[in-house]
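Structures for review follow.
Note that chain A is present in both complexes that follow, paired respectively with chain B and with chain C.
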Partner chain A sequence: MNQHENAHADKSVDTLTTDTATRRDFLKAGAVVAGATLAPGVLFYGVAHSRPAEEPASKAVRWGMLINTQKCGDGCKSCVTACNEENGLSGKTGPQDSQWIRKVDIRNLQTGAHHELPMLCQHCENPPCVDVCPTGASMKRADGIVLVDRHICIGCRYCMMACPYKARSLVHEPLTEQKPDVPRGMGCVEACTFCVQRVDRDEAPACVDACTQAGHNAMLFGNLNDAEGPIAKALKSMASTEVRADLNLNTGVRYQGI
Partner chain B sequence: MNIAFREIQAKQGYWLTMLVLGALAGAGVLSALYMEHHGHIVTGMTNQIVWGLPHVFAVFLIVAASGALNVASIATVFGKTLYKPLNRLSALMALTFLAGGLMALVLDLGRADRLVVAMTQYNFKSIFAWNVILYNGFFAIVIAYLWTMMDRKGSPWYKTVGTFAFVWRLILTTGTGSIFGFLVAREAYDAALLAPMFIIFSFNYGLALFLLILMGLYKGDNRPLGDKLVNRLRSLLGTFVAASLYFTLVYHLTNLYFTKHHGLEAFLLLEGGIHTQMFWLGQVLIGYVVPMAILFNPATNGRGWTVIAAVAAVLGGLAQMWVTIIGGQAYPMDMFPGYAVTSGFYDGVVNAYSPALVEILLGIGGVATAVLLTVGASKVLRFMPERLDDETLVALHGKH
Partner chain C sequence: MMAKSLLKRGIGVMLFAVGGLLAPLSVAQAGVDVPKLPPAKGASKCVEDTDFMRRNHMDLLKHHRDDTLRLGIRTTKHSLKGCVECHASEKTGSVAANKEDFCVACHSYASVKLDCWGCHATKPAQKSAQKPAGHPSAVSGSTRAGGDK
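Right after this comes the complex of A and B.
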């Protein structure tokens, strides 16, 4: 190649470089604009796996909870308060009042060992409440969350007879000032929903967030089917217990330390 | 010789009875409306004792209804023609007592207005859903059975329909017992024995009520009712009461054998307060000992004694339902075996229950409705033989 050709080539290269830079700048600018417009949605979907309202819950997910009773204690009731606040429960504790989550104290009769733990709907894989419900109002969502369809619950309370965890309550009196995304109704049975309204927005249940904020970190929520997720890893690496394991219900809520 | 069936006469006593029963049934309905308006907060039922007195009455009546059909089944299926004159009243009571029981049951629902949902949406794994079908089917089959008894056109199917009704009623009571038998969570339930035990209970309660209604209607309408028939029914009731005691004994002996049920048995038999009293005084003493002492003793053979025995069997039946339904829920669920449990949601404690007036009225309203329908129907249609004195029965069946 002669010098001219070289010079030409250089020029060409320069020219090419200049052109490319211009195009690159344009693309970059475009990407920034597009990114600014689309990013929230893309990120929300990509990172957090939220799903649009019209898309049904997926079987690929099974929501579960791991509760470390060693970290739960001091009479802390943050989870209970947060649940009441989130779901619009009165917080009253009379025999006819609804409680979706409660703190339970257990003391070993032989050794005196003492534990505190939150008790809530255990979101069983084979829920007795769903088995006995005559109308199908008690149902399990594809992602394992056990719910009551408030439209077809007739208030027979057979599910309350069947639940081994006393997790369910009947709404005994008229309700006012309900939360818009937590429908409840007098005469219907209700229980912990794993804060399904939050889960569908890709947030953890209110009790779990409250436990973390209180500094206890005793409650871990996540997808049991995600082998790489924190809950599945934790369950794989340490011993955990199902309450009433003898019933073989495969509960979604597991306990450590009891 | 054919037996003549006649409607009962509308005398002063009839109207007075209907008035009292109507008032009680009305009070039951008003109580239900009050509960419907204010919610279950006005009852004694809670999130711990979720089924209360309305269920005690409702399940008792439903079980008794299937048992009331027994008299007809003995005539139709087992060919004991002595009982055939009674089969219309027997079938009628099966219908009316089921209606009274279901009234108490459905009016207690948290959303009684959604009854149509219960009739149209079925979860076939639920024994409750099956019971909806069994109860509705029972109405249809027993009405058909009555038609084969009361209409010549139906008589060719009398035996077939009667046999079908008998089988259906056994399945129905199996379903009612299984409401509790299929509950795995609570220690007092979760037992296959509950289904056959409820069938035996139904024989007992149904026959006791049948005897009372039979004697009441015949006395009220001044019709002759001989000892021959009443004494047969007396012995039969004695046998059913003894069988009920046997099943109760087996149920508790089995629980007493299993260490894990010792707490429950200590509660029911010794420490359970009102529930223990209901068991020993209500179910065992009034429900079993008193009726057997009367029914198996030739010296207490009079009509008055028979009434006392039958009333005792009925009261014992209600006490049994109390022990089974309320006692079974009052005993705390053993969520953490080997641990003492406390919480702000009544875990680990014996659950208190005191029924409110509305519940009592709803339960009694169910009983009143059942009797009201029975007496009312006997006035409208020919359910009762004109005479059942010993001479008539001997003429019909010979001396045996």
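Right after this comes the complex of A and C.
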């Protein structure tokens, strides 16, 4: 990638994160680049402040995602590609390859209605993967992000069997060239982390940014507990669906239009 | 008297044995050479004293890993990523690519197996120089207040 492309990429990233960056910079330095506008659907509201590095994730926040299947592009895989790039996944889709987000086709055979949607870890409030983990490696962070502690994961794969969404993968082969922000290795189970490394620096997950950049705006990420935030407002005003709502898992990822 | 001199001799032997254990840290003895570590770049000083780090880096890292993963505390002072950024050798750009690199040099000398690099990156982020905006290292430096606690 040459300098010019880099500059271009930086600009687009800036546009997406300006809201939080601006607020922070304003408070910090008093110098603001005002008037930054955000495309609809990509607003990234968290708590009203950026969490300092030494402060733990808070229970006051619950990260969630709202996916509008009507807007999800036919055949578009921007979210999947962005996820692979951000987290250093190979992008292969074999039975032994890690997939943190997949595009799923659903079709009603009777009516012919067709949808595509991205399926990822649903970051349940009551995650079955955490229930069954024999070592405590599978865990839910205070802000609702479900993670695997690879330091104590023994690779037993109970969590993979327990997950109703088929969201988890086991790394079968030794890996090299991992991303510094995303350690991954053989013998551990892994899944979507909501790009926790990005969330912790006030950015939206890579898939959400990619969806917006692709012009679909089908994915909205934010704090479900923030009543004034766009995601809580959207959930309040529109019908949305939990996949396998019958399991009472209270998923953090919700869908519209299915 | 006899017992006292025996005791003294015993203490002498003990001191000698302890001295023998500590010797490799200070003086190179016949046999295996003390590892020559590649110089760290960036900061002129480590985050803690060198002696302290030699004995306690594993505890700091273990404590920090749980804080970061489980609680979401993202301070940089005792993060493994920070170690890698400073200690990656110029030759390989890594802390564990060959036997002369920082981590491996000492760990092979001490015969202690390293598990970190099965998952963690042994090289610093490549794009940090080209891509300041939105990159973790850039952000941690400029906007994450209190990052170096």
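Everything that follows uses one rule, which is that the second predicted complex is superposed on the first by the 210 of 258 C-alpha atoms of A that agree within 3 Å, B and C clash if a C-alpha of one lies under 4 Å from a C-alpha of the other, contacts with A are read in each partner's own complex, and residues count from 1 in each chain.
Here is the rule we go by: contacts are C-beta pairs under 8 Å (C-beta built on N, C-alpha and C of every residue); 3 or more make two chains touch, one makes a residue touch a chain.
Here the structure is a predicted model, which is why all the values come from computation and not from measurement.
Enquirer: I'd like to know which partner A:169 touches here: chain B for first, chain C for second, both or neither.
Expert: In the superposition, A:169 touches chain B alone.
Enquirer: May I ask you to decide whether A:188 touches chain B, chain C, both, or neither, giving the answer as first, second, both or neither?
Expert: Both partners, chain B and chain C.
Enquirer: Now for A:247: first (chain B), second (chain C), both, or neither, which partner does it touch?
Expert: first
Enquirer: If we overlay the two complexes on their shared chain A, which of chain B and chain C does A:178 touch? Say first, second, both or neither.
Expert: Only chain C; A:178 stays clear of chain B.
Enquirer: Is A:233 in contact with chain B, with chain C, with both, or with neither (first, second, both, neither)?
Expert: Neither partner.
Enquirer: Give one of first, second, both or neither to describe whether A:56 is in contact with chain B, with chain C, with both, or with none.
Expert: Only chain C; A:56 stays clear of chain B.
Enquirer: Contact-wise, after the overlay, does A:110 reach chain B, chain C, both or neither (first, second, both, neither)?
Expert: Only chain B is touched by A:110; chain C is not.
Enquirer: Looking at the overlay, does A:96 come into contact with chain B only (first), chain C only (second), both, or neither?
Expert: Only chain B is touched by A:96; chain C is not.
Enquirer: According to the stated criteria, A:158 is in contact with first (chain B), second (chain C), both, or neither; which is it?
Expert: first
Enquirer: For chain A, which residues lie in the overlap of the chain B contacts and the chain C contacts?
Expert: In the superposed arrangement, which is not itself an observed complex, chain A uses residues 174, 186-188 for both chain B and chain C.
Enquirer: Under the stated contact criterion, what part of chain B meets chain A in this complex?
Expert: It is residues 36, 38-41, 45-48, 50-51, 109-112, 114-115, 117-118, 121-123, 125-129, 131-132, 179, 182-186, 329, 333, 335-336, 338-347, 351-352 of chain B that touch chain A.
Enquirer: What residues on chain C touch chain A, complex-wise?
Expert: These residues of chain C touch chain A: 65-67, 69-76, 81, 84, 118-121, 123-125, 130-134, 136, 139-140, 143-147, 149.
Enquirer: Mind pulling up the chain A residues that touch chain B in the complex?
Expert: 93, 95-99, 102-110, 119, 128, 130-136, 152-158, 160-166, 168-174, 186-189, 243-244, 247, 258
Enquirer: In the complex formed with chain C, which residues of chain A make contact?
Expert: Where chain A meets chain C, its residues are 1, 3, 6, 9-10, 13-14, 17, 21, 24-25, 28, 50-57, 139, 141-143, 147, 149-151, 174-175, 177-181, 183-188, 196-197, 200-201, 203.
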